[in-house]
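Structures are listed in the sections that come next.
Below are two complexes that have chain A in common, paired first with chain B and then with chain C.
And now, the complex of A and B:
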């Protein structure tokens, strides 16, 4: 299906300078995204998912955040070292991003039409009228009724679901090769959530772009992604295709994630939370960051665990991965 | 534009002016001091004083005096000055325009510099520029106007005489009065020399008057921009690939403008009323000086007229600020 990766992230390291010293929010992150593929990036809040996305977009909050190492290869260019002016031509054009908060992500003082047209005029050098027609077409593409009239609406006149549709229309208006969706449905009602995910799946196929979907919701991953990477304290701890990961998780952390999920028709009884708490990024233990909460850890875990192939296209960063029979 | 809303507010303005006229009328007569005595001097004999009081209508009862005043007011007659016996309305009008010209110039300078400095400070917080600008803003609000005015005169009119220190135009130069704003009139009359001279005369007093509001505007703009720059929609604007200038000026500043407009409106009111010191220092023939002189001479008609004009202007400025809110932020709608 894929013809080589469209986005190839190698050893990406992102640091933040805080009052209590530098914090490595993303640590030697390597991942690639095939064209037309949907890849899920999952993990708990604060594990570095969003920072990874902002690093790719080069939108880290300044001056605290910076890319401290690694490369982000997109169509042969290294985004990590691209001058800002060239990066601006990629943002919103070849790589676009939608955010978790549809309620606050649109500018309240401009009409949605203006905000979509703005992107088109910036990247496509379109004339006002042509850009407006295209914006209306995008709105109808994301399933907004009476798109011509909605162009003149201000964000506060639309519901959360509608606003997220507008955000998607805006992100897709320049036909990007990659869309990064950072928790696009988290702030929405469950029914709206399903509609938005359907929409994203449909448009992905129509436009032929790759999607990096950031979420903490494994249900969303199951519905939309082909491959998944699990992050813990800034590192990828496991990566596999969706089927494999859901059937045979190899990293004890991934196992813990599944055990803490309620299952319809599954065994009755209490959910099993992962014991302990996520360690502070300022005081990570040496070796595996999960060792203190892990039911399989031993002395070996105090050394950096290797990135081990546990099956075909299935890796885990662990000394003692679960036995995965293939 | 919500015309019904504007009409309603203008009707309210009439009620406000009525209230102001009553309060000012009573307060002026409550403060000690007798206009007749002030006019005739300490050694005037009682008969002369009584005659003058009758002549000025001061011997009648207060309600009757107010009734006559109100009746004249409704016909657009603010009364005659006790000191000069000329119609107060004409006196006020000419001076009001002088004050207006000075205030608008100060407003222009303070907005341009204040907003600019605030934006740059917010975009580069904790930089040398930020600290420098905020230091000057602090100095600006703390500086006594009269001292600043005198220093500017000393520097630019005495030590390095590049600017005039008083008046609106050099002696002998005149422009036909159309609007009463000398710079505008010079422009209308097509007199570049007069325009240049009027600008030179305006610069020092306007700068003096602008300093405090400039500092206030800079600080408000900085804090409003700092807040807005952290909003999600600013990140969205950047994610669209917009230039930094578009992100800051189009997406952030427009949102940061609401608190700034409030302050600008308050400032204009303060400028109009607070030009007294500046007008005195630079011999500017404005309303501020006139009202103080009138008050000293217990010139009831003149003071009443001035304060009515101030009140009307404040009300109009407030209305303008509210209407600008509606223009700036589509979420604000007026209740008609």
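And now, the complex of A and C:
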């Protein structure tokens, strides 16, 4: 097994044409992902985390969205420029994706079994019977009771948690090298979320895949990720290993996110919200997009902030990062 | 003890399912709320938690008499809401307002914000047009918006600002009680904190009482004085906040708290992972409805429904373990 990153995203830029002009939803995004690693991509709505995932999967809505620059290196190939026919062999096979809403990837008019079997036959060239056995094995792997019987169920016959498991089983059936999970547990109740996160952690270890976990929930990040990248208005503003980021956040936006959070067991007085709201991508200020809400900003922040090393394997895109050396 | 502001006695809400609607056929029903009694004290924040489908929103609607219960009674300041005629119910509505989760669907996109906030005043025939306009300006300021924004339409506001508009409208009639049903769940964390702070501020300023419904245990801990946990239409535990979060007693409440992800990579994880899904409220399990998923299941749990009992002053639990 190689030691280099399995997925290496360099300066990825994704643009959308909107009625009110072009919008840069992902702006010079660089990140790599090692096998066996779970990387958390966090940020609030509209920060570009899902668009990043769709760019990697080459599933951007067309014709409005397009990759405008950068490279997505996967096993020596640049996914950003791969022809669609070759991308189709990778998507769902070597890189798969799960979504917040399982019905986005499950077809309501086919049985669960048919859908998994189809993926196995297409990508792994299995025969029908072997594929069916493998599909049942995958369902039992994700903790679905009576997997043989469930293969004949249609998605609507399953509960939300069960559908999520089926989608994970489907995403894993081809043993992908990379799985992108976009808010996989956001629509689920906490007790079911705990089951699914536990499942994902176990399967990741078993299959040895790399996971990019997109979430707005810092609790989920703390429990599942080794590294974290924080996004704001299309850019990564901070990246570090999970412990460092939670203990010593350097970017004022990350600091603000933590201070906004009510925590179980630690009843603080008033919460300290970040003032204001996320600016529109159509009207970003020059320089740092966070400057108007930032408690440390000054005139310098009107210049593009540098990607600064603030500690070992810890970067922040900021002119005035917090003092983190302890 | 002071008189409860709002008190519920054995509330039951059964929604007949399709088959039940046919004559001559023994119907089934969704037992959304199945025997809930509680009392909300004036000035407190009463947190109501539970997972989707546990009946917490339905319970809220019964408490405010947006729906009439199948059985049971609700008292507001000691008076039975069930006995209210239209006029008295309308007066009750001035006292008790509701804030929903989704500020996008709660506001009419074709109306200006000023009109939206003034609507309750119009309905109740309060003030002249000028007085109402002044009141709208005042309310906008109270929730942290500018009076000049009254002429704008909802789409011109962000999610957090829209929730502020919803709150301003709920305050228009000077209510005593506000039922907030997942009021911050649709908002991003940085904005969520702004709205939570606003709700706390308004409570102090206007002496409000809140019933705060949420699935988010950390938000509920932050804002509530007492917490009630619901499972399949029943209350399984009710306690003061500190007591509940330090020492939950019901196995479901324990599992719920242990399942909530903690934003701290070094937090000790002794997660209890519950098996299976929440059963259907159409055909809930016998006895204690939690028994099929409970790690401490005993024979009695299958047979007998546990009542809510006061184990320590103010700490109520419905479980055969105790």
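Following the convention adopted for this analysis, the second predicted complex is superposed on the first by the 319 of 326 C-alpha atoms of A that agree within 3 Å, B and C clash if a C-alpha of one lies under 4 Å from a C-alpha of the other, contacts with A are read in each partner's own complex, and residues count from 1 in each chain.
Simple rule for what comes next: a residue touches a chain if its C-beta (ideal position, glycine included) is under 8 Å from a C-beta of that chain, and two chains touch if they have at least 3 such contacts.
What you see is a predicted model; the values in this text were computed from it and never measured.
Student: So which one touches more of the residues on chain A, chain B or chain C?
Tutor: Comparing touch counts on chain A for chain B and chain C gives C.
Student: Once chain A of both complexes is superposed, is A:96 in touch with chain B (first), chain C (second), both, or neither?
Tutor: In the superposition, A:96 contacts chain B only.
Student: If you stack the two complexes on chain A, which partner ends up touching A:170: first (chain B), second (chain C), both, or neither?
Tutor: first
Student: I'd like to know which partner A:88 touches here: chain B for first, chain C for second, both or neither.
Tutor: first
Student: Between chain B (first) and chain C (second), which, if any, makes contact with A:274: first, second, both or neither?
Tutor: So A:274 only meets chain C here.
Student: Would you tell me the residues on chain A in contact with chain B in one complex that are also in contact with chain C in the other?
Tutor: Shared contact residues on chain A: none.
Student: Considering the complex alone, what residue numbers of chain C touch chain A?
Tutor: 51-52, 158, 160-161, 188-194, 196-197, 200, 215, 217-219, 221-223, 241, 245, 255-267, 269, 271, 273-274, 277-278
Student: So in the complex, which bits of chain B are touching chain A?
Tutor: So the residues of chain B in touch with chain A come to 231-233, 235-243, 251, 254-255, 328-331.
Student: Taking the touch rule as given, give the residues of chain A at its contact with chain B in the complex, in rising order.
Tutor: 57, 59, 88-93, 96-97, 99, 101, 104-110, 118-119, 122-123, 154, 156, 167, 170
Student: Can you list the residues on chain A that touch chain C in the complex?
Tutor: 44-45, 159, 161-162, 189-195, 197-198, 216-223, 242-243, 246, 256-265, 267-268, 270-275, 277-278
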